[in-house]
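Look for subunit A in each of the two complexes below; its partner is subunit B in the first and subunit C in the second.
Entry: the complex of A and B
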């Protein structure tokens, strides 16, 4: 394993990419991609902090496995909501979703 | 520079490149494909970081199931390409996003530096874990377990993936015909 700060920096850059995606993109699917990149950055940070040159902490692996399951649920729910939104509004642009009535 | 260093730096660079591609590519199918590649590279990084179970589960869930879900939703919505609008609002959004990006970057770098120093202090004192295998030994044991112990599973999985790929290809082909 190389020095820890490489991985911390990589996860920070990934986190920034995800935030940039959430802040500037308008397509719903792009926003979900941004959320997934954010989740992946958090996982990488967790695993990197749990590993040293001499060993690792198994508890971090457990937490990350649980978080992967939760994240997959979040992404699946967001995708199903996307499908419903597309059927209701006929578009995936978040700026055009202003009506609240059925 | 050792082999380990080169491999890990290459993996990190690939991870970031695929993430940027997933965000910036205009065609959504290509963006989702590079997201899948990013998850695959992340799984390899988890393996290198001595977390094999996390790597396998990440590969199964994020690089497999979630990407298939993305493709299914894309084929049901068919938004095609992201539309190109260059209005003033668009430019303002991009500039404000860039400013937000820089501010958060500065904060994150500060947090990382402080947490790294604190972590070195904490781990130097508390953790005394047994030594692990070397990098070459890990590669050897993985190759052995894949191609000798679990060869039937690998073949069946490859077949299932091949069939799934064919199914996705057939789905897109049918849609193209309908468009014509």
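Entry: the complex of A and C
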């Protein structure tokens, strides 16, 4: 059996990758991918901590499955907004989108 | 009765009101006819309860089961048992009678509206509020507890407000100089009605809650009428705290506002700004009777309860206030009615005056209860007059509506000579006016005579029981009532003569020249008129039946269920006074207006005294101006002072100070807020690193 800290380490690395993506990229779609990586880091962490040597807690799995479902909805919404934003501004650069008013 | 009739008779119009906007999507014809249909169904349900009252037991027609063997019968749904809050309906003679008046006249007037309001814009709103009104009114009278009654009370108030200002979009110049358009004026009239009645409503609410709090203190919290009558402990506690008399007077505040009694009578003449159908239904036949209904509802309870706790002086005070305010209002409004120029204003004043009569009768009933322990005489007179008034006043308003509809003016002096153009309306309105004036054998005669008779009986009984003051008051009340009857005849003749008998006015001739012919109302309008006319002619002859109906379930009431009742009325001691009143009012009116031997205008110019009296009456005793200057003006002045010295000086300054402090504080951090996502994420990363470091080494 793989030790717990491997999972936690992988999760932390995923999390850092996500944050790095958010901190350096300007393209909206890339940012969304970054958010998705962050979410998955959290999922992995959750499941890993819910698993013990004797078995696992089914509740954590349930939550994660629900979270994946909700996450899919959130991403779909974000992408549809992105599409509208692109039609409106003609660009996907977040720095150019400072005028939510219009 | 039809199954669930006491519930459905008010639920159906309310549901109908809610459906109206949806039905309007289908088509305007569907909307109009279904709205009328809802009110007719409501009447059918209300009417189906009448045989039960006569029979003295409640029978479900569908299953044939006997639901209850006694009247009053109540059907209730408890909501919060510990607080005594419930929904329920009470079936007793008074509630069934009022429900029939409200829904029956409602149905007739709705039919009439089909013709009268034909082609108006915003009819969805009209039908909605009319049906909502009928529902609210029937809810008010069927309610078995004070709280539910108050809800109905507020619903009808809202509908009254909304319908007075129905024509708020009219762009014609305003009839009074203070407003730009007629629409603005109409909206103001609605507000005036709403605010004025609100004063009474607040008093009523205070009284209801006081009673409730004391029933709660007595260990049995309830709003229920029958329970209030049964468990009298609340009244004992109220007496102990010295609040009983103020509470019953405050309770009468509601009827004063709603039924336009002095000193809150000022709103009703302005309420005539609404469509005439609204005036007929709400401001003549039903809503303004809600106050009379409430007094009639609580009076037997008060008699019962105050006798039980040996505190009849509260009953005495209450009845005295009701009777005196009623008599004074009857007189006051009749004087104004004699000089009004607009036909609907005359009718409005006469409504106030006639409701004063009903209050007077109920007050006399209460005083009789105090003197001999039996309120039946006055109670019967009040409710009987309520019925005949509802019919003939609705008739008068609807005829006036037909006249207004074809002449397009409100001013009586711009009419004249309509007898030849509108024969049916003329006859209907003539009978209505004669009934109003109390000419035998129309229904108004019988009901008004009953009131005089009750006052006479009160005076006699009071003297023979040693209550000299009450006896004297009884005679004074009778005298005022008779004088008012004289004035009633005067303005009835004046109104009919000016509209129908006088030669055609310049205004009408001008209309003719433009090619607009004055025509009789369409059948959909005159058929309801004829029905009402027939009812107001023969209505008085149903007095024995009415007595049997009204006193169903009462104990120890002497019922004259035969011809005797008519003989008693005709040969009552007061009949001579009535004849005197007819002479006093009728002869001058005949010379001034019918035969026109004396020109009223010239007469006024010659006699200084009468001119002054005329202008005093025409300006409504200056009560309106007084309220406007002192209450409205005073309030505005007070508001200005508060605005200057509190709002601007204190509240505003405090807010500016807070805003300034916050701004100076945030300026310190303004640089860090770039609004750039990437920078923010770097900050998040730094935060995480710091937290990790703290975890590792902390």
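Throughout what follows, the second predicted complex is superposed on the first by the 98 of 102 C-alpha atoms of A that agree within 3 Å, B and C clash if a C-alpha of one lies under 4 Å from a C-alpha of the other, contacts with A are read in each partner's own complex, and residues count from 1 in each chain.
The definition used in the following text is that a contact is a pair of C-beta atoms (placed from the backbone, for glycine too) under 8 Å apart; a residue touches a chain by one contact, two chains touch by 3 or more.
All of these numbers come straight from a predicted model, not from anything done at the bench.
Set against each other, subunit B and subunit C differ in how many residues of subunit A they touch, and the higher count belongs to B.
Of the two partner chains placed by superposition, only subunit B is touched by A:13; subunit C is not.
When the shared chain is aligned, subunit B and subunit C each come close enough to touch A:23. Once the two complexes are overlaid on the shared chain, A:98 sits against subunit C while remaining clear of subunit B.
Look at A:31: by the touch rule set out above, it reaches subunit C but stays clear of subunit B. When the two structures are aligned on the shared chain, A:4 is found in touch with subunit B, with no touch to subunit C.
Of the two partner chains placed by superposition, only subunit B is touched by A:43; subunit C is not. Touching of subunit A by both subunit B and subunit C, each in its own complex, is seen for residues 19-20, 23-25. Across the complex, subunit A meets subunit B through its residues 1-2, 4-10, 12-21, 23-25, 27, 29-30, 32-34, 36-37, 40, 43-44, 47-52, 54-57, 61, 64-65, 68-69, 71-72, 75-76, 79, 82-83, 86, 91-93. Those residues of subunit C lying in contact with subunit A across their complex are 675-678, 681-682, 684-685, 688. Subunit B makes touch with subunit A in their complex at residues 4-5, 8-9, 12, 15-16, 19-20, 22-23, 28, 31-32, 35, 38-39, 42, 45-46, 48-51, 53-54, 57-58, 61-62, 65-66, 69-70, 73-74, 76-77, 79, 82-83, 93-94, 96-98, 100-101, 104-105, 108-109, 112, 116, 119, 123, 127-132. Residue ranges on subunit A touching subunit C, taken from their complex, read 19-20, 22-26, 31, 94-95, 98.
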